[in-house]
Amino acid sequence: MTMPTPLTGVVPPVCTPLTPDHEVDTASLTRLVDHLVGGGVDGLFVLGSSSEAAYLTDAQRGVVIDTVVGHVGGQLPVLAGVIDMATPRVLDHVRSVTDAGADGVVATAPFYTRTHPAEVARHFRLVAAGSPVPVFAYDLPVAVHSKLGAELVLELASEGVLAGLKDSSGEEGNFREVVLGARLRPDVTGFSVLTGSETTVDAALAMGADGVVPGLGNVDPEGYARLYRYCREGDWGRARVEQERLCGLFGMVGVGDAGRMGGSSSALGAFKAALYLRGVIACPVTAEPQVPLASGEVERVGKFLAGAGLL
Amino acid sequence: MTMPTPLTGVVPPVCTPLTPDHEVDTASLTRLVDHLVGGGVDGLFVLGSSSEAAYLTDAQRGVVIDTVVGHVGGQLPVLAGVIDMATPRVLDHVRSVTDAGADGVVATAPFYTRTHPAEVARHFRLVAAGSPVPVFAYDLPVAVHSKLGAELVLELASEGVLAGLKDSSGEEGNFREVVLGARLRPDVTGFSVLTGSETTVDAALAMGADGVVPGLGNVDPEGYARLYRYCREGDWGRARVEQERLCGLFGMVGVGDAGRMGGSSSALGAFKAALYLRGVIACPVTAEPQVPLASGEVERVGKFLAGAGLL
Amino acid sequence: MTMPTPLTGVVPPVCTPLTPDHEVDTASLTRLVDHLVGGGVDGLFVLGSSSEAAYLTDAQRGVVIDTVVGHVGGQLPVLAGVIDMATPRVLDHVRSVTDAGADGVVATAPFYTRTHPAEVARHFRLVAAGSPVPVFAYDLPVAVHSKLGAELVLELASEGVLAGLKDSSGEEGNFREVVLGARLRPDVTGFSVLTGSETTVDAALAMGADGVVPGLGNVDPEGYARLYRYCREGDWGRARVEQERLCGLFGMVGVGDAGRMGGSSSALGAFKAALYLRGVIACPVTAEPQVPLASGEVERVGKFLAGAGLL
Amino acid sequence: MTMPTPLTGVVPPVCTPLTPDHEVDTASLTRLVDHLVGGGVDGLFVLGSSSEAAYLTDAQRGVVIDTVVGHVGGQLPVLAGVIDMATPRVLDHVRSVTDAGADGVVATAPFYTRTHPAEVARHFRLVAAGSPVPVFAYDLPVAVHSKLGAELVLELASEGVLAGLKDSSGEEGNFREVVLGARLRPDVTGFSVLTGSETTVDAALAMGADGVVPGLGNVDPEGYARLYRYCREGDWGRARVEQERLCGLFGMVGVGDAGRMGGSSSALGAFKAALYLRGVIACPVTAEPQVPLASGEVERVGKFLAGAGLL
């Protein structure tokens, strides 16, 4: 399908369910897609960070994109991450996911390499030149270890290199600068500004953002769809109540013992445990070398679900 | 061939010559291998950071390892980088390079992902379990954004998980701790400690390190071979003179204009320009999106070569 | 005067006007205080980062607090920064500023030292034990190089150690967690959550924050007072228009040439240039070793003022 | 006394013994000075990081410098740290310590503030202009959060702004660049390059460094004096044996439980515990808010002393 311009609404980064021996569980994945589409989301983002794309082999990434594109059948747009270190490797992923039918690609700045801002701009220009579909920039400094500044993003938007931004930096000032620039600059049109934050969606939409890419949307897509609708209707009171309920639910990311595992493993483990407890996926395992949640930690995920009315 | 235990000597990270349209230039690559072997090195390390592995596609990585292993024909050990974000992707590279005949693999801690120290240990254990050849840890905090501490490295050495360490951190205190631990701990045997520094090789060897993996060794393998020999003979005076000559030559990494390109692009561009000027490779181009050196900057590389007696 | 519980409204960090030979210009300082009080602010914060406290000698800090407390005469609360490296030095400043009449003190976590989270908590407990007035925590990771997490802040709030938080981290997720915790936790009462951001005040207040500490409030106190009032009245449409006007004005922080000075020097230089151009202070000089704005850069500040209707 | 040009040898950063109620213990301090001078050191560095200068109030700093200068009576040079955030505050400390008789001052780049490299240079120029005695730069990125590059240091050396460098960065490549530049540049004369590392002194001196400023030198001044002498005599074999003994002793810095205290608190606590166990100081307490070592951890310090033949 053609990507809406700008892309708006709730576009969750789709978790990648795995079997106990760490292969992609396609049956669970299609159930998860049904759960999200049925929950009222506006698009899907596969092979992002919450999808554990950094862990998946190329073959596994292929299974994911084939499964999701095939199952969605053009009902709503599918964006695919092309997460890799530098331009030539990223372009390989662009070819793979667009051959498989992705409607848009999501690329970070180079990482591992030490890359000058001028080279970051060059990277996005080369990726766009090699992509048959729109390119979204993915700002995730905690993983990429550089920040996409508002000025660079808006420049690339004005050149038509970028169709949108997924901002998972949590840096509110720069985000608003992009939102304002996208609205006020006459040379920027149809640019989609999406927040990757689970807990400040009402604020982002009130500022004028176009949508949200919430990892927690895997667990409660209806909640984010409602939150988005309230914001669009200008019903800020109900939006805040819904957002605060989701903030409470988001507490699940902290169930993992910080002495034993990373915060990212805890968050991904919690999302998968919640999907397992809600009956959406068959197995909550995460990719290697992530430490799994202990049983008591999974129980605490259940309490978060219960507290949010989801069990 | 079987990897020496421990691996010792000069093991340069082999640059990857590219054609003007950014494909692997196999003719230049074999000339570079001849240049290095003829220069007296003790092993080769392909697909590392100085090889621009982060930029090369999997197909290009395949061409590199096939070309080098085929050309070397078992004369000396070939280590291959398996640089990727997390365990399953790294294991894919392990399979590829060992199928192609690599004698050892070199792996970093996970990057892009946020990984707990306990998960880093698990990562190396899984990589070793999946590798038919010895595994060397690659400590490069400037790229990986975490540090391999001496305690973790020595623990993994004592378990037989790691066969060696390539330390490109530039952190001298932790390096010496590993060197001492490798010598003094009874449960650690045959462990190879290699410095990735170009400019403190005499110091590292004086401390008891086993060898060096110098990017600049591409340009002047004879120099590093001499330096290694002087150190092994305990001729610290001549070693220091040779090392200081190489320190002067190393100044070439700074020729690139910092306002226009990254330090890494400058260094890789300088090494390749030097190899081009010395007639070893046909074209000094670096991989995208790195900004190339300007002609005046290439001229300055030539002056560094002349100053070190290499032109 | 007694500090309101919680402290609410607009509490600008008061710039410290200097004479051409870098002494505190008390005449300009009292004019600035009049400008702020007349602009409708709810409190004053002296000796913070925007006050260049890190540059001022202890004697100069003394002149500032004496001048402001004396001039304000209890009309509205005066908070004073006690910015220093570690607990004993911070306690010295607590004594100085409270002897001079400060109504509250604002302290960061230790910096320069490498301090464990448990030691950060101990620091705030000791500062509170030694302070006759309420203690506010100042979260400014870009200067302090550690982050005050929501859990720690709320724990210290529940113990009565902290009376409030000035959050200048720009990290929206953690900020909302503190706001929600301050409202929902039964053991936390009267705790004031203030944002240090100039450009997301409407969002912060919509989430339930108590007030704002905007550096740009020196330049346009009326603007922030209006913005605060619109938010309190629930007039989010007018609030957004006012906030966006202030976002435009805030662009002045970028006038300084990044090749020649730091971003902080540029921002402080711009605020002082604006106060100078508006006739509030006699001289726009900043403290050593900050590079001053060039005359063309000061002109650009004037254009930002004109664009916002302030000249 | 007049500072030697260049300053050479062992110049330990003198610990600041405290009483149980956290005041400077001048009796213990003079015993510590006697212990160091008797141990054969070549100079003393008071009010540095290992002296807990970041914690000491200005009054306490005054007691330290008065006590040490008075007790030393010109027998050997006394350097004093002037650790503070920015230029005017640093200049205040310069006045205090030179009024008290310091023979040289040691200053970091500005911290807490965000300072451009051009402003860092300006800072050192202003400090030197305001100092009646030679100025040494202190490179400690772990505390200051910026790095003094070789080029800047050598430029300031050539201008006569800096008399030396204390490099506690642990970054070996940049250190060697300074050492070589200080020897080879005709415009740099009498510049003293000192390493702050405890564990790579032999390597630093072999490269051509002038001396060492070892925190562990408080505990074992004789050891460092011997190590320095062996290196100067070119007896690298005995130097290495002595250095490795000191590396073993240095292991004491890790006795503190990382779950409970910072690494810096552990190291300072261990040095003071060792001085206490050796009978040099009366009380091992460290400044607030540092967590003290537990009794079992102090016992482990004793084992390190015993292992190095010091108990």
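For reference, chains read A, B, C and D in written order, and residue numbers begin at 1 within each chain.
As a working rule, contacts are C-beta pairs under 8 Å (C-beta built on N, C-alpha and C of every residue); 3 or more make two chains touch, one makes a residue touch a chain.
Note that the structure is predicted; figures quoted are calculated from it, not measured.
Listed by label, the chains touching subunit A and subunit C alike form an empty list. The chains that touch subunit A as well as subunit D are B, C.
Each chain gets a centre from the mean of its Cα atoms; for subunit C and subunit D, those two points are 35 Å apart.
Centre to centre, using the average C-alpha position, subunit B and subunit C are separated by 49 Å. Taken as a contact graph, the chains are arranged in a single closed ring, with each chain touching exactly two others.
Screening every pair of chains for touch gives A-B, A-C, B-D, C-D.
Residue ranges of subunit D in contact with subunit C, taken from their complex: 22, 54-58, 60, 83, 85-89, 91-92, 110-116, 118-120, 122-123, 126, 142-145, 260-265, 287-291.
On subunit C, the positions that touch subunit A within their shared complex are 170-173, 176-177, 180, 197-200, 202-203, 206-207, 236, 240, 244, 247.
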